[in-house]
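Paired with subunit B in one complex and with subunit C in the other, subunit A is shared by the two complexes that follow.
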Partner chain A sequence: MNELKLTQITKQFGHQVILDDINLTFKPNTIYGLLGRNGVGKSTLLNIITNRIFASSGTISWQDQALTGRDHPVQAFYLMSETNLFSKEERLNKIIKNTALLQGQFDETLSAEMMTAFGLNPKKKLSQLSTGYRTIFKAMLALCVPAEVVFLDEPILGLDANHREMLYQFILKAYEERPRTIVLATHLIEEIANLIEHVVILNETQVIIDEPLETVLAKSYRISGPEEVVQAYCQELNQLATEQLGTLYIAYIYDQLPTEREIPDRLTIEHVDLQQTFIKLTNERGNRDV
Partner chain B sequence: MFKAMLRYRLTELWSTVLKTLLGVFMTVVVAAIIAVGVSLYQHVDFSWIEYVKFIAYAMVFGGLIASQIVIMIAAFTSVRPFFEFGIQNGISRQTSYATQLVTLFSTQTITFLIGYLLAVWMNYNASLAFLLAPRVVIMVILVGWLLLASALQISSFMTLFEKKMWWVIFVIYIVWSVVYNQYLAPILTSILPAWAKALSFDVVVIFGDTQSADSMLHVSQQPMAWISLLISILVPLIIAGVCQHFMQTRRLAFTLRKD
Partner chain C sequence: MLFEFNNDEPLYRQIANQIEEGIFTGIFPPDSQVPSTTELSRQFNLNPATVLKGMNQLVTAGLIEKKRGLGMFVTETAPAQITEKRQAAFYQQHVQDLVKEAKQLNLTKTALLALIERGYDHE
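Up next is the complex of A and B:
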């Protein structure tokens, strides 16, 4: 199986623990959303998987084989990140040519289509591009390489709404033409909610959610009504947060609602979207034992 | 993966070397045309054969020196960009370093050997015959490798640390070298046991006492000279390899700033 499996990955910088006992499996041909607040370790995790930095401990397995040693070859994975690893003084067409050389294959058709659609001039140097266009160029490379797992770390950095929409379309197009695992790490949760199939949420060094989007949405509820009624109904349920708006008491739940429990008339139960769930899950006062 | 990375590095380095050679040749040709023009204008007697010979010498020597300088500069400047582009494309650190060594050393050897042999051949006379002795040729190449290895060691060491810190590291490196050579090396030599001193290899004494031709041949016949040379090449390469193994694409948190 072309699964990418992380087992007990830990990363420490000095005494500071960034990632603690991360266990994850990225399944083939699935679009993942890797979500987490600033500084939670998303980029560190992606950098470890793609061999840019080393884990303090733990194992990474690909196709049921542990990638041995600290320095493993990882051409099956490609990380597009905010950090620029290209020579800024090189022209775009030269970077494309060299990427194709090192990767062995390159989707030239998609590359040309994206360059035209976004108005990127291949003769320009990377240093001549704005932040947004650099992001587009790097995302374009990531979608055109033959990697089986593509990590897009902040792929919409500096992009305006139009370009973001175009990029999402190209991500879907690339996926439809050649299914692969795509991991999107971004803060714009609302926008990617329609793209992703599986959600991974990192919070305070650990993975707190690793479930299909459908399951996450199915378990995310906002229950409102008089305080005593809400509290009575939500007993033993996993409450992420509560709010008091005048006489209205609101509880955010991340759990399966008990089918046998009768729903009082004065209670309103509704699903909340991914962004709301994420905010409540990762709020400092939120429940960490999901 | 190895082949692709090697091809990428070789293409980049050889294109730079060839562009430099082209620049040198063009400069020589332009200078020659100007010189001929001036000679004709001033009605100076000159021999066309001598002019052509002089142009050929200038091209060979200029090409040899320029190509070696370019390769030496590449040893300093090619660590980070190639390393980072390799990592971006899933190339391991070992592969990246191995291809860097093959690229630099093979290019240096080929360009040096061609330039060196051409230069000796063009100036050939009996007194220079020792320069074509295989042992001497190999030793001269190894001296070039020694310089290249040192360049790789310095550049890898500096790249390992924060980019903004390179000048601090460089100053520390120079200060350390001076302190070591001026103060520590004499102390270490003085406390060496007698048998170690007997094995030591003193180039200054050898070159000071005899003619250069004889001394070069003499040096190339000493096993200690070869051992010293090979160790001097290997040690910097090992240090460079260790530096590159620990090189992170995110800069190491080594700064002088206090949080």
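Up next is the complex of A and C:
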């Protein structure tokens, strides 16, 4: 099975713990969202998976084989990241050619289609592109290589709304034409929420959510009403945050609601979206530190 | 409008419900083709597996059927099935709420019946 499995991955820089006991499995042909606040270690984790840096401890296995670093399957994983690993003075068509050589195969058709759609001139040098166009170019490469698992780290950096929309469509097109695992690490949660099947949320060096999107959304509620009614109802439920608006009291819940408990008339129970839940889940300690 | 999504229920169910609504209102008549999984997923940036799950619900319910190599088509019996299902749910979904609201507004049963009569006259 083309499963990528991380077991007890830990990363320390000096005394600072960046990742602590990360256990994750990336299943084949699934679109993942890897979410986390700034500096939480998303990129570090992706760099470890793709063998750009080493973990302090823990193992990564691919197709049930533990990887040791030397035998890392270069062509099975591909990371598109913010850091620029290409020579800036190289022309785009040269970079495409080199990537194709290095990765063994390349989807020329999709590449040409994306270059035309976004208006990228293959004769230009990488250094002549704006931030947004550089992102588009790198995302294009990531979608055209034959990797089984593609990691897109902030694939929409510097892209305007139109280009983001186009890129999402190309991601889906690439996925449909050749299903593979795609991991989207991004801040723009709202836009990718419907694109993903499985959510992984990193917070404070650990994985706090690793569930199908559907499950996460089913447990995300906002319950509002008079304070005492809300509090009575929310007892023993996992409360993420509360807010007060005059006499209106609002509780954000991440839990299954008890089916046996009757819902009082004066309560309003609604589902909230992934972004809201993400904010409430990851806010807590961030704010306390300030 | 068809294909507007919210947080109220799982996305796959919204997809199923909205295609059902399209069949009910005649946008997708019997024997016509409904949008494909690929079309829906790309048009609205939805995960293909989610769209497929919604479609499969409709297939299981017998509202659409797959024609190999052609796509998904509305079945002959779909409109009748939907009408029957909605008639069964009408009391629970509409009548109960209507009576509850009328009571809160201090409308008597006679007054409510009169209002319903008026609604029919205006048709």
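Operating definition for what follows: the second predicted complex is superposed on the first by the 280 of 290 C-alpha atoms of A that agree within 3 Å, B and C clash if a C-alpha of one lies under 4 Å from a C-alpha of the other, contacts with A are read in each partner's own complex, and residues count from 1 in each chain.
Quick note on the criterion: a residue touches a chain if its C-beta (ideal position, glycine included) is under 8 Å from a C-beta of that chain, and two chains touch if they have at least 3 such contacts.
Keep in mind it's a predicted model, so treat the numbers as computed, not measured.
Asks: Overlaying the two complexes on subunit A, which is it for subunit B and subunit C: clash or fit?
Replies: fit
Asks: Scan A:G104 for contacts with subunit B and subunit C and give back first, second, both or neither.
Replies: After superposition on chain A, A:G104 lies in contact with subunit B alone.
Asks: Going by the contact rule set out at the top, does A:E270 touch subunit B (first), subunit C (second), both, or neither?
Replies: second
Asks: After lining up the shared chain so the two structures overlap, which partner does A:I196 touch, if you call subunit B first and subunit C second: first, second, both or neither?
Replies: second
Asks: After lining up the shared chain so the two structures overlap, which partner does A:T83 touch, if you call subunit B first and subunit C second: first, second, both or neither?
Replies: Only subunit B is touched by A:T83; subunit C is not.
Asks: Please work out whether A:E176 is in contact with subunit B alone, subunit C alone, both, or neither, and reply first, second, both or neither.
Replies: second
Asks: When the shared chain A is used to line up the two structures, what angle, as a multiple of 10 degrees, is there at the CA centre of subunit A toward subunit B and subunit C?
Replies: 150
Asks: Once both structures are overlaid on their shared chain, how near does any Cα of subunit B get to a Cα of subunit C? Whole angstrom is fine.
Replies: Taking the overlay as described at the top, subunit B lies 27 Å from subunit C at its nearest C-alpha.
Asks: Subunit A touches which residues of subunit C in the complex?
Replies: Result: residues 5, 7-12, 38, 41-42, 44-50 of subunit C touch subunit A.
Asks: Contact residues on subunit A for subunit C in the complex?
Replies: By the definition above, subunit A touches subunit C via 30-31, 165, 168-169, 172-173, 175-176, 191, 194-197, 213-214, 217-218, 220, 270-273.
Asks: Flag every residue of subunit A that touches subunit B in the complex, lowest number first.
Replies: Subunit A residues touching subunit B: 13, 47, 50-53, 71-79, 83, 85-87, 98-99, 101-104, 145, 147.
Asks: Quick check: in the complex, which residue numbers of subunit B touch subunit A?
Replies: By the definition above, subunit B touches subunit A via 1, 4-5, 7-8, 81, 84-95, 245, 248-250, 253.
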